[in-house]
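Same chain, two partners: chain A is paired with chain B first, then with chain C.
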Partner chain A sequence: MTELLNTLYIQTPGTSLHLDGDTVRAFHPDDDADAKPRRVPLVRIDHLVAFGGVNVSQELQLRCAADGRSVTYLTSNGRFRMRTVGPATGNPLLRQAQHRAADDPAHRLAISVAMIAGKIHNSRQVLLRTARDSSGFRQTALRASAELIAGRLELLRTADSTGEVFGVEGITARDYFAALPHLVTQAKEWKVAGRSKRPPTDPVNCLLSFLYGMLRGAVHGALEQVGLDPYIGFLHGVRAGKPALALDLMEEFRPLLADRLAFTLLNRRELGIKDFDHLPNGAYQLTDDGRKKVFTAWQQSRQRTWPHAYLGREVEAALLPLVQARLLARHLRGELAAYQPWMVN
Partner chain B sequence: MDLLVTYDVETTTPAGQRRLRKVAKICEGYGHRVQKSVFEVVCRDADKVKLVAAIEAVIDPARDSVRIYRLPAMALDDVEHLGRPRAMDPRGPFVI
Partner chain C sequence: MTPPAEGGSGIREVPLSALEHYAYCQRQTALIHVEQVWDESAETVRGDLSHTTVDLPGITRRAGVTVVRSLPVGSEQYGLRGVCDVVEFTGEVATPVEYKVGRYQPGGPAELQLGGQALCLIEAGFDVPLGHIYSVAERRRHPVTIDDALLQQVIEAAEAVRRILDSPTLPLARNDKRCRRCSLRDACLPEATDGRSRPLLELFAPRPLGTWRD
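Moving on, here comes the complex of A and B:
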């Protein structure tokens, strides 16, 4: 059994982190002077995530860079700000292959189609799995949405540019989020009405955006670990500062790893309306308490295993981005004829 | 793997006290202190080799004693605890 390493999340503003021997020591000015310092062994952490107002000492940053451990800085709302990593590693030949593929429209199209097919398949699974646990009108509505989405796979087959693939992705996402009121029970109370972002205007969308942020960090890290360039994408266009490949690879994970967790948290009432702040501009934001609950749930959800149709075995959620990044790298190196997205069966 | 590390370091001399501090420092780098000289460690095989080597380099074999128990998988998740609570769950999420 491989021991999964943990991510350390620091979200209390005013906390400073220091390197103490081979541990991270967390200090907060409000700490009880007699209390024992909070320490976490570095060997147990593969990634540090610091939210707004958290100070990471330079010593600790340098040590993390030397060990190949990345440090990510997010705003208190979970938006990505910066990430520090050590010297670039990996295989230049792989990066060269990636750039060549990104320059070849036919190759870009093939990879994009595979990724979006994975996303559509997994979105359908979310609908079907929820339908299985519900009854009556809700079940019928969810099954109808799943049926509608399955039809979109046909459109994907005939797409002949990445623009068209994007179009199919857009229509499918619209169909899928139209079923949101059936995926979330007590939909009225949560003021659900489709997908909204920048800013999210209801708690469900706020939670989705937050989880997508966590997922993006995980996928970005996995790509870097495998030696792929996260900024050169196939479906998403190349733009300064936009991790296009991370956004591409994320698509197939969104429905099951992020959406389903969000629905579970709301439907099981593990999060309540008190866990969200309603801001004057209409946006919703997680409270400190709510955020802590979401981290805990996210971290736990990373331990569970999912079936992997192509590999034919169960894989921990935490390792899925890494597994897919490796499959993509093998495809780009020419060892695999086609990229195989993650799909559950 | 789950390990339980316990140690006895003779502290009658300043050199002994130094060794004690060093052993504690090494253990802190791998696990959580649950009692004064007891650590719970969750680590990978390679980390255990490093831990043993680091402790071996520090202790005085004639005076000190360190015991590293290898526990069955996930044994640290099933611990009965009385008294003051344990600071952190060895495998749980790290959120500060």
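Moving on, here comes the complex of A and C:
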């Protein structure tokens, strides 16, 4: 069984990371000279994420590459900059199969439909669960949204192009985010209207964007680990520099792995308004402290398990992207009749 | 992990480690050597071992015995290639020692790998009457007699592995009790790949609220 390993996030600018035997050692010029050096054994880490201003020694990068660990570099706002991986892994036959599927409209359609069906299903679960735990108007509104979304599955059934699937996805996302004020209990405090992305103009959307970034990193890494090409997608069109397959595969994870976590953090007031900076252009950004809280919550949420309707067993959140990337690989290699999205039950 | 390659003789070379995987499960052989699934636990353990017990490549001599660590070996005739953890040379006699993390299993997969090393050393001109499997868990050596039966088994297994490496499809998953202890289980998904068809998900019917915990 793949051991559940941790991702090491380093965000304090000025920190440098070094290889020290079989450990990562963190150093910062402001460190107390007498304090114990901060070390993490490499065997406990599967992935290293360095935010802006963090320096990773070449020796450590080489060791990570040799062991099959990736190192991802993000800006301090969580934007992707680069990622280092070891020698290419995976089977060229798998990549060929992926490219053939991406060139075949019917095959693209079938895989896209499955992924979006998974997303719609999991979105409904978020709405239904929140409805169950609320009352009155809020409950009625959430149930109505869930109903609305259920109806979209019919459109998906009859979709005959990826364009149409994209359309269904768009409408469903709109319906779902229209319920945002009911999903976040203190919505009034935060003036949440719906989904706003570039830049996020309220804390809820800021948090969602941040968590999607984390999720995208996890999915991208899982695809690479399995030997799939993250840039050749089925639903999202292929465009230079756009990890289309990572975006495709992310869809089914968003509602439960990112949205639900965001709502929980806000509803339990584990994150407050002081964890966000309100910038002069109206945008919101997590403070260093806020980001730290989100990392901790994200890391904890990765340890829990979720039921998997197709496999009929529980799977750790951290392994879900890997398991789904593998189900996709198995399908493309002809071992599974259809791609089976992750559906919670 | 060493990917299979063409040897000088033109036949596809079989990594010695693949013999051991093959003895455990045919699909595992293909996952590691064709799909290049990275076996985290195995690789990590190997790394740990090389740092402590087996140490870096090197040669030591004592009282007529030359001990070589991390010795690359190969067989042109049978298309084998690999690295021996430790080989002790005394005159014309070579004794391979293979390090294993777990307990020794008589007749287990490790013996096949040891037999493969012996085959390579024999082709290099040495006598190999005996090998050892060192169990790190038990901290002791277990002698294994290298006889014709074992060597024959190795030759047949190498042929079978070559067929797996050349096939564009993977062998079916076993989905039996062996899978529970298998480190590749998450990569293999034996529940879904054992060739018995599971019902596929109904994608378009709304599903009732699940029992997932929060």
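FYI, the second predicted complex is superposed on the first by the 342 of 345 C-alpha atoms of A that agree within 3 Å, B and C clash if a C-alpha of one lies under 4 Å from a C-alpha of the other, contacts with A are read in each partner's own complex, and residues count from 1 in each chain.
By definition in this document, a residue touches a chain if its C-beta (ideal position, glycine included) is under 8 Å from a C-beta of that chain, and two chains touch if they have at least 3 such contacts.
In this text the structure is predicted, and so the values were computed from the model without any measurement.
K.L.:
Going by the contact rule set out at the top, does A:L247 touch chain B (first), chain C (second), both, or neither?
P.N.:
neither
K.L.:
So, does A:T7 touch the first partner chain B, the second partner chain C, both, or neither?
P.N.:
A:T7 contacts chain B only, not chain C.
K.L.:
Please work out whether A:V85 is in contact with chain B alone, chain C alone, both, or neither, and reply first, second, both or neither.
P.N.:
In the superposition, A:V85 contacts neither chain B nor chain C.
K.L.:
Of chain B and chain C, which one touches more of chain A's residues?
P.N.:
Comparing touch counts on chain A for chain B and chain C gives C.
K.L.:
Does the superposition put A:V238 against chain B (first), chain C (second), both, or neither?
P.N.:
neither
K.L.:
Considering only the touch criterion stated at the top, classify A:F295 as touching first (chain B), second (chain C), both, or neither.
P.N.:
first
K.L.:
Check the residue A:A144 against both partner chains and state whether it touches chain B (first), chain C (second), both, or neither.
P.N.:
Neither chain B nor chain C is touched by A:A144.
K.L.:
Once the complexes are superposed, what residues of chain A are shared between the chain B interface and the chain C interface?
P.N.:
1-3, 22, 43.
K.L.:
Across the complex, what residues on chain A touch chain B?
P.N.:
Per the touch definition, chain A meets chain B at residues 1-3, 6-12, 15, 20-23, 26, 36, 38-45, 292, 295-296, 298-300.
K.L.:
Mind pulling up the chain A residues that touch chain C in the complex?
P.N.:
So the residues of chain A touching chain C come out as 1-3, 5, 22, 43, 46, 67-68, 89-91, 93-94, 113-114, 117-118, 121, 124-125, 128-129, 132, 150, 153-154, 156-157, 225-227, 256, 264, 306-307, 309-313, 319, 322-323, 326-327, 330, 333-338, 340-341, 343-345.
K.L.:
Okay, in this complex, where on chain C does chain A touch?
P.N.:
34-36, 38, 40-41, 43-44, 47-48, 51, 168-170, 183, 185-187, 189, 191-193, 197-198, 200-201, 203-207, 209-212, 214
K.L.:
Considering the complex alone, what residue numbers of chain B touch chain A?
P.N.:
For this pair, the touching residues of chain B are 1, 25-26, 28-32, 42-44, 47, 73, 87-88, 91-96.
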